[in-house]
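Labels run A, B, C, D and E following the written order; every chain starts at residue 1.
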Amino acid sequence: MIRTIAITKDQQLHKDLPLEQLKEDGIMWFWVDFSEPTPSETQKLDTVFQFHPLAIEDCIHNLQRPKLDYYDDHTFFVMHALNAKTLEKEEVDLFNGDGYIVTYHKHVCPELEQVWNRLLRERSFNVWDEFHVLHQIFDKVVDNYFPIVYAIEDHINDIEDNTKELSMETLLEQLFDTRADLLTMRQTVHPMRDLMYRILSSHRLDGVRERKEYFSDIYDHLLKVSELIESNREMTQDIRDSYMSLNSHETNRTMQILTVISTIFMPLTFIVGVYGMNFSYMPELDERYAYFVVLLIMFVIAILMFLWFKRKGWFD
Amino acid sequence: MIRTIAITKDQQLHKDLPLEQLKEDGIMWFWVDFSEPTPSETQKLDTVFQFHPLAIEDCIHNLQRPKLDYYDDHTFFVMHALNAKTLEKEEVDLFNGDGYIVTYHKHVCPELEQVWNRLLRERSFNVWDEFHVLHQIFDKVVDNYFPIVYAIEDHINDIEDNTKELSMETLLEQLFDTRADLLTMRQTVHPMRDLMYRILSSHRLDGVRERKEYFSDIYDHLLKVSELIESNREMTQDIRDSYMSLNSHETNRTMQILTVISTIFMPLTFIVGVYGMNFSYMPELDERYAYFVVLLIMFVIAILMFLWFKRKGWFD
Amino acid sequence: MIRTIAITKDQQLHKDLPLEQLKEDGIMWFWVDFSEPTPSETQKLDTVFQFHPLAIEDCIHNLQRPKLDYYDDHTFFVMHALNAKTLEKEEVDLFNGDGYIVTYHKHVCPELEQVWNRLLRERSFNVWDEFHVLHQIFDKVVDNYFPIVYAIEDHINDIEDNTKELSMETLLEQLFDTRADLLTMRQTVHPMRDLMYRILSSHRLDGVRERKEYFSDIYDHLLKVSELIESNREMTQDIRDSYMSLNSHETNRTMQILTVISTIFMPLTFIVGVYGMNFSYMPELDERYAYFVVLLIMFVIAILMFLWFKRKGWFD
Amino acid sequence: MIRTIAITKDQQLHKDLPLEQLKEDGIMWFWVDFSEPTPSETQKLDTVFQFHPLAIEDCIHNLQRPKLDYYDDHTFFVMHALNAKTLEKEEVDLFNGDGYIVTYHKHVCPELEQVWNRLLRERSFNVWDEFHVLHQIFDKVVDNYFPIVYAIEDHINDIEDNTKELSMETLLEQLFDTRADLLTMRQTVHPMRDLMYRILSSHRLDGVRERKEYFSDIYDHLLKVSELIESNREMTQDIRDSYMSLNSHETNRTMQILTVISTIFMPLTFIVGVYGMNFSYMPELDERYAYFVVLLIMFVIAILMFLWFKRKGWFD
Amino acid sequence: MIRTIAITKDQQLHKDLPLEQLKEDGIMWFWVDFSEPTPSETQKLDTVFQFHPLAIEDCIHNLQRPKLDYYDDHTFFVMHALNAKTLEKEEVDLFNGDGYIVTYHKHVCPELEQVWNRLLRERSFNVWDEFHVLHQIFDKVVDNYFPIVYAIEDHINDIEDNTKELSMETLLEQLFDTRADLLTMRQTVHPMRDLMYRILSSHRLDGVRERKEYFSDIYDHLLKVSELIESNREMTQDIRDSYMSLNSHETNRTMQILTVISTIFMPLTFIVGVYGMNFSYMPELDERYAYFVVLLIMFVIAILMFLWFKRKGWFD
């Protein structure tokens, strides 16, 4: 679907003008949005707007990192929105030239939708121009990273406290998946941060320079998200290391119980085995109090073993 | 609550002047403090002072990193004080312009309170101006990081020496929590350090340049806190690794005891079991000294096993 | 094999001209390809083209990193293609001077073959010159890295989900080999990325400056591959750490089962052993209900042990 | 204690002149040393020399990192000597101005003592001035780091080879303490290295620029110490990891022995138990060769088990 | 031993001229080599050449990192050759001034020997001057790093495949030693790389600038060696981690076997023990088929246990 908004010099908003009328004299600036475009709509990037073939190729393919390319009469931005549910990155491409902005995205982009609708409802267009649209879309896309990273952070806290009383296998699985999610997010956020840094330090984007404080506000947010991602990865590592230590400690305790029991009862069981043998000549068997003497000896052995382990500190 | 201090050109301090009188001619500089402001008080940032909307937005919201923004006629600082008890960061926002400083904080800030009271008690105002207030607040906020990180350091030493004879589970839990605290502190201190670096290298803050040595003193302290945090994180990692090694060594020793006991007594118990069987034809049973021969054989087996383990070095 | 393509000033393509005719007046630019050259062919780098001895030495030897060397009248590039099957790096050397490009490679290079054939099929030579060939070869070589790293990524996902139900030994072996492959790829990709950065920021390569957007497109791809390699290495590390944790947890559970069984049955087996002894005077044996009393006592002991372990949480 | 050395313009050394006479005309340069000063002596930094209050504050307090501060007419250095026994850092503060150097240290500083005594014994004062003293003190302080780090290195080698045949617990404890010592040293050496870098690249220290080669000699030594510290930390980590691996291998071997013994003897002990039961009707018991048949069966079982474990490679 | 080579202006090579004749008019440039010098020979660095005392001190002492120092009329280089057998670094010091090079080394240096002999055999001295000697020595020293690091790499591959069927203890020991060797090599190669970077970017070494491509060839090799060292360290880490994982998995399997055996036979052994007791009143004993009933019950118990473990997946 291709849709357009045009603002005329006498401050009127026109919706859904055909592409051909957009370059007419009375138009101050316009915004064209390619939303889930068909291949034939995509071709208009070339036939109507004559954008650079490399930029169009980047629109069609998917492997791009967020980036900024300068061409002769337009600038090309690739940004990555994060789908809050799947954590997949969804590419939004922007062409920005004198008096226009063209956006291109293969999926519906809720952040862009918000800006589009706000512009439609707007009465006064003083602050609005193509760079304001650019700023608004970036701002919404980046603002949207926060609920995602906060959700991950909450999830990590749940894992740490194990509020849902999950089994250890489930917890470790969740921890692993959380770490993978943070890795995925980082692959989006770092290039976005680098992109915004380039935008801020660019000498060729007048519209950015005029509202530098607005774009550095976004950059600050990107720095913050980066830091949150790193901290959360360290946190998950800490949880895992901590669990490993605890587990290894617990294994040792379990081993000690087993060893104490075995060390006490194995010799005793051997002794009672001896007097269970059926040899015809075993003189002790016929002594009147031999049974009680043997019981006493075994009791003393058990006590001594117990004291030995106690001195080793195994019952602390 | 909004409160004010104004210093007049004839070196008088006026307390709690209404906001409207602050811009009068006789006033050399003034300080307005928004402490735990109501929403309607917050609005005065806009209506009375006309600060930039982005800065006001940053005051209202909480997700900011410490930062510095230049606007046309004022500079906006966000700093983070650390609450000594909860380790939570508490935002202090400062607006600094020609002849005034405005501070804004949603919680009572003890460091700022100290500066406010010292200024009230002051007799001579030679060294005091809006930048001196800025320096004093930064200095107090940063000085306050030290007792916190030293407390953590002491706690780590307690964990290492286990002076309170805590159980291993408790120690590991404390180690984990300490690491999380250090992570939290780092999230505050690193951006504060970066902020102070930007303040120091700024070309637009004359008041800072004039007292550069004072601000670099704060920067040195921030570097020091950063280093302490890193060292302490490495230290906790070391304690955990060291514990893991010791534990794994101990598990091995425990296993060896169990194995020695089992290896000696299992064969012996088997032998006595053999002669406890009730077959009607077991010729050995009727030999006169068979019992003693079997005892002797078992003794020799036990000795041989013992020597074998001794040679393996398991009794070192 | 040495083969040539020459484009004349009147836009004709000549194939397989002898090397001597290439410098003739009518030729606008030419491309000479040394594919799997014999030693005597290699000598022509010196005798026919007079390239710098250091560059020729680098062609002959193999230990080079991708690199860029400026000599008086030519530039020398070493790039590394990756063999998709063996993951081995295969060196492609390029000499670029005014009006010519010379390529040299000891193995057949499919990426270069593609460019050669496309040029042969070309009808119009507007965009083609020696720098376009340079760009095309670089582009194909780098594009070829992606299927390799994606194959590794898929393999890692297979390992994680263990879709093929392999034994743990096999999985760990595969994980190790994957990490080694990523290490090998990184040894190629990082120097290629550094090389492309140097090419982009060079002041001496006019032909690159004219088509900067094309070369930075390649640089972006190299950045992306680098990031993918790093993420995948972290992912494999995560899988291994996660497995270690799970395994250590499982060992602990196994130990607990063993300990519960031993702790319950060892004392009981001892007791029945006691009453299996053959002493002539064991008064309990003759009590009428002694057998049932002993059975009852053993049952109580077993229940108490069970409850004790239950309270320890070993049956959760 | 405050002590002084002054060199007059006619190349005479005067010892212990009162502070007031030091600024007299005939004096070319002087050195004042505050060694373990009393509070009233410390006050003279302010009353006699009028040093900057921030610098004096840094002398009195202890939390400083090594640093360099420029004030209007003097430069202030903080360096850290290492106490060879305790590894504690001991602060040495230096004020350097035109024609004088003032040193301040709360503990006796053997490195400074050396320089002081050498100057006292000197006959010719050509090379000596306030910057030469500065260099000499820095040089001695840094030279003193080497024996400390070499002692640690030797200690690590002792731990690795375990020449003293210590118990594993002791070795791990020593390894941990060594790592803590390296961490402590690093906290001193890194800031000293950064300080020396700043001194070398300073544009305001003429006396340093004149003898740049001497100061970069110290910088080289600091780089070297840093590298030694890092290598030694990696080495200790390697020793620990290596020990963990070996230990985990050994635990596995121990487990295998236990499992072999249990797996062979538990079934056999069960079988002999069966024929030790006292049922009145157990037909096998009365077969003439049943006993020998059972012994044979048990022998076969034991052999089979043994072969099974052998095939698993547990006896390699 | 001190030996000399001098090239005269008429392109003659003179061997072993006394040091005094070297500065004569007809000499174009000369090379003096101090090989395993005696203390009195070392003194000639000062008495004959008047080199800077700091440089001479660095020759005599051993703790230097590779480095470059500029003095008024000469440059001083310290490079480190690696002894292929012991992996020890052997210092080679070079003084380079207008028309001469002086080399100083306490051990015989085979790389330098090669250059010396090649120069002696040379017929034409066009390319040879003091900087060519400098380049040749650096080149040989660095080329010599490669066989060493390749030998380590091969050794790591042997360890990984365990081609020699060594015991695990030996393998882990070898892995540890290999890591230590790589650490040692890195301590040499990193400073050499930094040194070469400084040489390349120096503005004071005309002789280097003239043959920049030759020196950057060496720099490339140093980068390559650095990368190889890092990769190999990661590889050894990977082998160890991989071994740890496998081992921990194997321990778990061993534990499972032990637990299965114990869990099946301990209850059975208890049951047979019960019927081995000698109570006078045990009604079951006299039942005719009680023995077979008990055997059946025990068989059922064993089967149930087996199925339970099977369901837990312990026999996969």
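Definition applied: contacts are C-beta pairs under 8 Å (C-beta built on N, C-alpha and C of every residue); 3 or more make two chains touch, one makes a residue touch a chain.
Protein names from UniProt, one per chain: A, B, C, D, E = Magnesium transport protein CorA.
Note that the structure is predicted; figures quoted are calculated from it, not measured.
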item: Shortest contact path, subunit A to subunit E, counted in steps; value: 2
item: Chains touching both subunit C and subunit D, listed by label; value: E
item: Rotational angle, Cα trace of subunit B fitted to subunit C, multiple of 5°; value: 145
item: Proportion of interface numbers common to subunit C and subunit E (over half same, under half different); value: different
item: Centre distance in Å when subunit A and subunit D are each reduced to the mean of their C-alpha atoms; value: 39
item: Intercentroid distance (Cα basis), subunit D paired with subunit B, Å; value: 24
item: Per-residue overlap in subunit B, given as positions that touch at least 2 other chains; value: 244, 248, 251, 255, 258, 262, 266, 269, 273, 276-278, 282
item: Overall pattern in which the protein chains touch one another (line/ring/star/complete/other); value: ring
item: Cyclic chain order when read starting with subunit D and heading to subunit E; value: D, E, C, A, B
item: Interfacial residue positions of subunit A with respect to subunit C in the complex; value: 52, 54, 58, 63-65, 67, 69-71, 167-169, 172-173, 175-176, 179-180, 183, 186-187, 190-191, 240, 243-244, 247-248, 250-251, 254-255, 257-258, 261-262, 265-266, 268-269, 272-273, 275-278, 282, 284-286, 288-291, 294-295
item: In the complex, subunit B residues that touch subunit D; value: 146, 213-214, 216-217, 220-221, 223-224, 227, 231, 234-235, 238-239, 241-242, 244-246, 248-249, 251-252, 255-256, 258-259, 262-263, 266-267, 269-270, 273-274, 276-282
